[in-house]
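Labels run A, B, C and D following the written order; every chain starts at residue 1.
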Amino acid sequence: MTLLVVLGASLIAAVILAFVGDRKIAPEINILGSAATFVASIFLALEVYTGGPMITASGYFFVDAFNVYLSVLTAFVSMTTAVFSRRYMRHEREKGRVGRAGMRFYHAMFQLFIFAMLLALLTNNVGILWISMELATLSTVLLVSLYRTPSAVEAAWKYFILCGVGIAQALFGTVLLYFAAERVFGEGSAALLWTNLSQSADKLEPTVLSLAFVFFMVGYGTKVGLVPLHNWLPDAHSEGPTPISAVLSGLLLNVALYALVRCKVLVDGATGSHKAGYIMMVFGTISILVAAFSLLRQKDVKRMFAYSSIEHMGIATFAFGLGGPVATFGALLHMLVHSLTKSSIFFTVGNASQMHSTQEMSLIRGLVKGNPLVGWGLMLGVMAIVGMPPFGVFTSEFLILTAAMKDAPVFAIFFLVGLAIAFAGLFRKVIPMVFGAAPDYQVKIRAAHTPVYVHMVIMLILGLYLPVFLSDWFHAAARLLVK
Amino acid sequence: MKSVYPLLIEALQVLIVLVASPLLVGWVRVLKCRAQGRRSAGVFQPYRDLSKLFMKDIVLAENASWVFRVTPYIVFGATLMAGAIIPIISVDLPLAATADIIALVALFAIARFFTALAGMDIGTAFGGMGSSREMMVASLAEPAMLMSVFTVSLVSHSTSLSFMAHTLLENAIMLRPSLAFALLAFALIAIAENGRIPVDNPSTHLELTMIHEAMILEYSGRHLALIEWASMMKLFLFSSLGVSLFFPWGIAGADAPAMLPLAFVSLAIKLALVGAAIVVIETRLAKMRIFRVPEFLGAAFILSTLGMLSFFMLE
Amino acid sequence: MSQNLAAQINSVLAALILLTAFGLLVQRRIYGLLHIFAWQGLFLSVSTAVVGFTAGLHHLYISAILTLALKVFVLPYILYVLIHKLKIKKEVEEVVNVPTTMLIGIALVIFSYHLTAPIRELSTLVTRSTLAVALATVMLGLLMMITRKKAVTQIIGFLALENGLFFAATSATYGMPLVVELGVALDILIAAFIFGIFFFQIRTTFDSLDLKEMEKLKEED
Amino acid sequence: MQGIPFKGRGPWGRGVLNLDPLGLVSLSILVFLALAGLSPLLASRQKTLLAITFLGSTLASLIALSGGFLAVYNSSTSSMIMPVGLPDLPFYLRLDPLSGFFATVVAILGFLVSVYSIGYVKSFVGVRSITPLAVFYNLFLAGMLLVLVADDAYSFMVSWELMAAASFFLVAFEDENAKARKAAFIYILIAHIGAVMILLSFGVMSGAASGFESFTSYTFSSMRANAASGHITPAWAAAAFLLALFGFGAKAGIIPLHVWLPEAHPAAPSNVSALMSGVMLKTAIYGIIRVSFDLLGVTEWWWGGLVLIIGLVSALIGILFALLQVDLKRLLAYSSVENIGVILISVGLSMIFASFKMGALSALAMIAALYHILNHAVFKGLLFMGAGSVLHGAHERNMERMGGLIHKMPWTAPLFLVGCLSISSLPPFSGFASEWLAFQSFLLSPSLPSPLLNLLIPLGAAVLALTAALAARCFVKVFGVAFLGAWRGSANANVHEAGFSMKAGMAGAAVLSLALGVFPAFVIGWMDSVPSMLVASTVQAESPFGWLWITPVAPERASYSAPIVFLGILSFVAAAYLLLHARKTAIRRGPIWDCGFEKLTNRMQYNSTSFAMPLRRIFGFLFSIKETSRAQGNPNASPMFQDRYVYNLKLRDRFWYLFYKPASDLSFWASRKVGRLQHGRIQIYLLYSFVTLIVLLMFS
C-alpha cells in the first residue's frame, strides 16, 4: 500500500504539474509531491525495518535492505532539490533563460524522473528495471536541453544517443538473462523476477550469464558514467539546469549502479567466479584515475564536479567489485553519502554561479566575503567530497581503502594517486573561489540555504555517528550481495 | 683531609689557569721574537697589558646595548668554568664530574656566541664581518673538535674528562691510529679556535684579515682586559686539554697529593713544548685567505671522523 | 507447419534481416535507408509471428503487431516527414568509406557467430543460430551510428540496433514477457517523439543536422 | 572491544570529579570543542569573543596539562569508549604514558600560546573578523589532543584530519593575500596525501587480523595483538612501517616532504605558527613512535637506520636552508625541519637499539628524543612568539630591514635571546640537555653487533655535531641582525614593545626553557615511564644526590650536573663583576670607529645575507642560487663611481625543482593527455563503447 503511494505520489504530481504549468504554485506542488513521496518512503522503510524484506503478492515489487535506503534517499534528495529549485528556477525564469513551456516541462518531467527512478529501485522484474532506467533517461534528456543554447542541445543529444545505445545493450543483456532463466523457470515473467533468479542463480547457464554481464556492464555502466563510457556525463551535468545536475549525479548514477550490482549478484551466483568483480574493479580504477586527471584542467565549475561524480562512482564500483563485507558496506555507505554531498555541492554551486551569472571558475571569487553561507557551504562541501572527516564520505573511503589495501594492494596504489590528484584538482580551484576579496560584478541573490545545510548536517551525522538502523541495513545488504 | 683535598685541588687548578695563562702567551711571544730575530718585551708583558687595561676607563659605542657590556663577563666566566673542569694537574677534580667533554665544548661555544653577538651589537661592518667569519670557523671547528674528543672517549669508554685522563693514564703506552688521527685533528682545531696563524692573526688589526680582533674592535678598558684574559686562558686550556688527553703522563692520579709537584713540573715542560710548537708553526706558515679556512677545517673534520672510523674498524 | 519448416523459414528471415542490416550500411540515399529499415521491420515482425505460431505463444502476435505498426509504418513515416520538413540533404555522408565498413561488418558477423557458438546448443530448435544474427545486427547498427555523419542516419542506425534487440528477444527466447514487450515498445515510441523534437531543436539552433556542428563540448587544450 | 578494560568513567557524570587522567584530557577536549562551537555565536562582539576564547583555551590547556602530567607521572594507562563513530566501531580512547607525555607537551605550549594570543590577536580586532581564528584555534588544539588519545584507526584518522583541516583554515586566515592561499593549498595537499598513506598503513595492520569480518579489527589493541601473534608477515610489517613513516613524515616535514613548512608557517598568524611548529609536528613524531614501537614492535634494525638517515638529512639540510633565509618566520620554519631531524636521529637510534634488544640504550635514546621534543616545543614556541611580537611591534618580517630592536623592545629581546641560546644548545639552557643525551646515546653505540651501523653511526654523530654548530651560527645571525646593531628599515617606522599578555607568554616559555635546562634530572625522572612502557627499561642510573646529576649509564661513563655548571658560571661572572666594580671607573659613549670613512650609514652593517655569505660559498651546491649585481646611474661613468649598485640574490629550495615541480608538470601533462578522451565527436564516443564491448566480449 505504502509502496503504491511511494510510486503513485510522484506520478500524480507529474500529471498535475503538466496541467498546472507555469502557475505560481507549481513549485509548491512540486515540493508537495516529493514531500509526500518522502513521507511514504519513510513509512515503507519502517515497514521493512520492522518486518524485514517484503515482496508484493504479484511479485512485481520487492523491497529489501539494499533498495529501501536508496529509495528513501532518492525521495529525500528529490524533496530537497525541489525546495532548492523553487528559488533557483524562479531566478532563471526572471532572467528569461526558461520560458513558460519550459517551466511546465521542467516540473512535470522532474516528477516523472523521480517516478522512473523509484520504479527502477523498487521493481523486482529485471525487465521493468530496464524499462524504468530508459524512462529515467528519456525524461531527463529534454531537461538537459532546457535552455536551448547550442551547447545545451548538443549535450542533450549526446546524452540521448550515448545512453540510448548503452541502455539498448543492457536490454540485450536482459534478453540473454531471460534466455538463460527461461530454461529454469519456463516462460513468463517469473523468469525475470530478481528474487527467483537470485535464489537459484547457480542453476543459470554460466556462459550465457557471463556474456550477459558484459552487456549489463557496458549498458548500465554507461549510465553510471564509468570511463570510457562516461563522455555524456560532464556535458549533461554542465549544461543542464543545476537542480537537474544535482539529481542526475546525486540519484541517477546511484540507480544505475544499483541496477548493475543487482545483475552482478546474479552473474556471480551463476558463474561462481569473481570475474565480474574484477571487471568492475578495473572499470572503477580507470574511472577514478581518468576523472581525477580530468579534474585538474576544468574551467567550468559544474563540469568539474561532474568529473568528481565520475570519480566517486568509480570508487563505489571498485568497492562493489572488491566484494567482502567491509568493502560492500563501504560501497553502500558511499552511494548514500556521495549523493547527499554532491547534490548539496551542486546547490551551492548553482547559487554561486547565479551570484556571478557565470559558471567560469576564474570569474567566481570571494564567496565567503560575498555570502558566507554560500562560501562556507562550498568549502565544507568540497572538504566533505574529497573525504575529509568528520563527513560521511571519509567514513566510506576509510572502509574501502583499508579493505582495498588488504585485498588488492596494487589497486590501492592507483587509488592513492587518484585521490591525491582529485584532491589537488578540487582544492586549487575552490580555495580562490571561496576566499579572497569579492569582485564588483558579484550580485546578491535570494538563495535557498536550507537544503544545503540540511545535507551538511546529515553528512556530519553520518560521519560521526552512523545510526544503528542504517548499519543494520548495510550489513544486511552486504550479506545479500556478498555470497 | 680526605674531603678537603679535592677542594684544594680545585682551587689550585682555577688559580693556575688564571695566573699561568698570560705566562704561556708571554712565553710564546718571546719565543716568536727570538725566532724572528726581534727583541722581546719579556715573558711578563701580558700581565702588564692586562693591568694597564684594567686601569683604563671605558669608551662605549653609542649604539652598544647591554649585550655588549655583559659579554666580557660571560666570556670570562664561561672560560674560567671550562678551566675548572679540565684535569690539569690531578685527575680527581670534583668539578670534572659535573661537566664532561661535551659540556666543555659547549662552554667555549657560549663564550663564542656572546662574542659574536657583541661584534654585531655595535653596528659596524667590521663587527658583523668578524662575527660572520668567527661563526663560520666555529661552525666547522666545533664538530671537528667534538669528533676528535669523541674518539678519545670511545677509547676510554667515557666522556667524563677526569675518567678519560685516568683510563689513558692507566693503560700502557700503545700506538693507537685513532688517537693519532684525533691528535692531529685536535691540533688543527686548537689553532683555529685560538685564532692563531695560519687561520687568524691575533696581532693584526688589518681590516680585511681580522676575525677575532674585528669582533672586539670596539672594546676598551676592563671589558677588553677580560676578553683578552679569557682568550689567553683559552689558549692555555686547549694546550693543557691536549696534553692531558693525549699525553697524560705525569698528571697526579687519584688522591695522590705526593705527585702534585711532579705534576707541576711535567705540566710546565709540556706547555713549554706546546708553545714552542705553536711558534714553529706560526713562523713557518703564512696566514691563509679566509676562504681557504674551510678547507683547513674540513681537513680537520675529516681527520677526526677518520679517527672515529678507524677506532671502529681497526680497534 | 512442422518445426523443421518453421526453423527454415526463421533462418531465412534471419538471413534477410542480416542482409537488410548490411543494406543499411551500403545505402547512400536517405529515402533508400528508410525503405530498407521498413523492410527490416517487416521481416522482424514476420519472424516474430512465425515463432509465436510455432511455439503457440499468442502474446508474441501482439508484439508482432506492435513491431509491424511501429517499425514498418510509424517510425519510417515520422522520419520521412521530418526529412521532408527539414529539407535534409538526400545523400548519406559517411566517415569511413563503404567498402571498409562492409569489411568491418563481415568481421563483426563472424565475431558474433563465434561468440554465440557456445550457447547455440542451448537454443531451441526453431530459433537455433538466430542469436548470432541478432547480435550481428546490433553491432552493425552500432557500426552504422559510428560511421555516419548525420543525426538522421544515426537515429536510423539506432533503430536498426533496436531491431536487432527485438529479434534476439523474440527469436532467441520466444519473446520476453508481455509487460516488458509493451514497456519497451512504449519507450521506443517516446524515444521516437524525443528525437523528433530534437531534430527541430537542432535544426533551429544549428540550422543543419550535421553532427559536425555538435562538437563544441570538449576538453580544449 | 577485546583487550580494552572499560576503566575510567568519562568526563561526564561523576567522571569530572575523579582525577582519572584520561577524564581530565577528554574534559579539556570537550572544553576546546565547546569554545569552538561557541565562537560563531559571539561573532558580533569581537572583544568578548577574544577574551572568552583564549581565556577558555588557557584553562582547557591547564586541565589537559594536569591530565597528561599525571598519566606520565604515575605511569597509568586508562581507556574508555565513546559511543560515537560507526555503530560497531565506537571511538576508543586511551591515555598511556606515551600519549600522556605528548599531551603534556601540547598542553604546555597550548597554555603559553593562549596567554600570548590574548594580546596578539587583539591586533586583528577591527582589522578583520577573528571568528574563524577563534573557531579553528580551538578545533586545532582539540584535534591534536584527540590524535593523542585516539585508540583505534578510525578515531585516529578523524582527529588527525580534524587537526589538518583546522590548521589549514588557520594558515588561510589572512585569505586576501594569494601567498597565504597558495601556502594553505600546498599544506593541505601534502597533509592529505600523508593522511591517506597513514590510512593505508592502518589498513595493512588491521587487515591481517580478522580479514574485516568485523570492525573491531580497527582498534589499536587488535593491531597490537596481530603484531604480537605474528599475523603480520615481515614484508607486510615493513610495508605498514614505510607507509606510516612517510605518511607521518609528510606532517613532520622531513626532507624532502618539507616544502609546505616554510610556506605555511610564515603565512599563518604567529601564535598559530608557534603551535604548528611547536607541537603539531610532534604529533607526527608521536605517530611514528606509536606505530613502530607500540603497534608493530621494532623488529628490523634497518627501520631505525632509515629513520636515522632521514633524520640526519633533514637536520643538516634544514639548518643550511635556515641559515640562508632572510624572512624571520621562514627561517624558524626551516629550523623546525632541522629540529625534527634531530628528534628523528634519536628516535632512529632508539629503534636500532630496540631492534637489538638493548633496552637500556634504547631507553636512553628515546629519552633524548622525548626531551628534545619537549624542549623544541618550548623554545620554538618562544621564538615564534618573539617573531610574532616583532611582526606586531615593527610590522616587519624581513630581517634585512630590521636591526637594533633591542633598544625598542627591552622585553622581547632578552626573551628571544633565551630562545636563541637554548635552540643553539648552549648550557645551561634546555637545548643542551637533550643534545647531550643524544651524543651520549651515540657514544654508547660501539656495542652494536652490526658493522655497517658501526660505520654509519660516527658519521651520524659528526653530522649531528655539525648541525648543532650551524644552528648556533644561524641564531647568532638571527639575534644579531634583528635585535642588535641599528635599525635598517624606514626611518619613520614606529617600533613598539609587545603588550603584557604577549610578554607574559614569552616570559613563561623562557623561564621554562631555562628550568628544563637546569633541572634535567627531574624531567628525566618524570618521563622515564615512557621508555619503560615502550622498551621496558629506564635510563637513570643510581648516584648520590640523584636530582643533581644526569648519569645515563654509570657515573664513570658520563655525568652532567646542570645546576652546578649554571652556578659555577654565575659565580665566576658575579665575582669578576664585583671585583672590577670595586673601583669606580668612568664610562663614556663615543662614536664607533669608521676607519676614517665619515659617511657610515646603517645600511652598511652586515645584514643577514652578508652574514650567511661564507656559508653560501661553502655549501652553495645544495641550493639553486641566482646572484645578480648591477650598477645604476650614468652608464658612461666608470663602474667604480656609480651612484648606486643593486645586488639581487634569488635563493630557491632545490627540492621543489627536484621533486614537486616535475610531479605537478607530469600530472598536468597527463591531464592534457586524458583530456583528449573528451574529444567532442559523438561518433568517437560511440566507438569507445563499441570497442569496450568488443574487448569485454573477447575476454568473457
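Quick note on the criterion: contacts are C-beta pairs under 8 Å (C-beta built on N, C-alpha and C of every residue); 3 or more make two chains touch, one makes a residue touch a chain.
Being a predicted model, the structure only gives us computed values, none of them experimental.
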With chain D removed from consideration, the chain sets that still hold together: A, C | B
item: For chain B, the least number of touch steps when starting out from chain A; value: 2
item: Chain whose Cα centroid lies at the greatest distance from that of chain A; value: B
item: Busiest interface, counted in C-beta pairs; value: B-D
item: CA centroid of chain A to CA centroid of chain D, Å; value: 43
item: Between chain B and chain C, centroid-to-centroid distance (C-alpha), Å; value: 100
item: Between chain C and chain A, distance of the C-alpha-averaged centres to the nearest whole Å; value: 31
item: Chain B-chain D separation of Cα centroids, rounded to whole Å; value: 36
item: Residue list for chain C, restricted to those that touch at least two other chains; value: 115, 142, 145, 154, 214-217, 219
item: Residue list for chain D, restricted to those that touch at least two other chains; value: 672, 675, 677-679, 682, 686, 689, 693, 697
item: Pairwise chain contacts, counting only pairs that touch as defined; value: A-C, A-D, B-D, C-D
item: Chain B-touching residues of chain D, taken from the complex the two chains share; value: 403-404, 406-407, 417, 421, 424-427, 432, 435-436, 439-440, 442-443, 446, 451, 454-455, 458-459, 461-462, 465-466, 468-470, 472-473, 476-477, 479-481, 484-486, 549, 555-561, 564-565, 568-570, 572-573, 576-577, 580, 585-595, 600, 602, 604-607, 610-615, 617-618
item: Footprint of chain D on chain C - complex, ascending; value: 95, 111, 115, 139, 142-143, 145-149, 154, 211, 214-219, 221
item: Residues of chain A that touch chain C when the two form their complex; value: 125, 127-128, 130-131, 134-135, 138, 141-142, 145, 148-151, 153-158, 160-161, 164-165, 168-169, 171-172, 174-176, 178-180, 182-183, 187-189, 191-192, 205, 207-208, 211, 234-235, 238-239, 294, 297
item: Residue numbers on chain A that touch chain D, as the complex places them; value: 157-158, 161-162, 165-166, 169, 210-211, 213-215, 217-218, 222, 227-229, 231-232, 234, 275, 279, 290, 293-297, 324-327, 368, 383, 386, 388-390, 394-395, 398, 401-407, 409, 412, 416, 419-421, 423-425, 427-428, 431-432, 435-437, 463-468, 471
item: In the complex, chain B residues that touch chain D; value: 54, 56-67, 73-74, 76-78, 80-81, 84, 95, 97-100, 102-103, 106-107, 109-110, 112-113, 116-117, 119-129, 131-133, 135-136, 138-143, 146-147, 150, 153-154, 157-160, 163, 207, 217-218, 221-222, 226, 290-291, 294, 301, 304-305, 308-309, 312-313
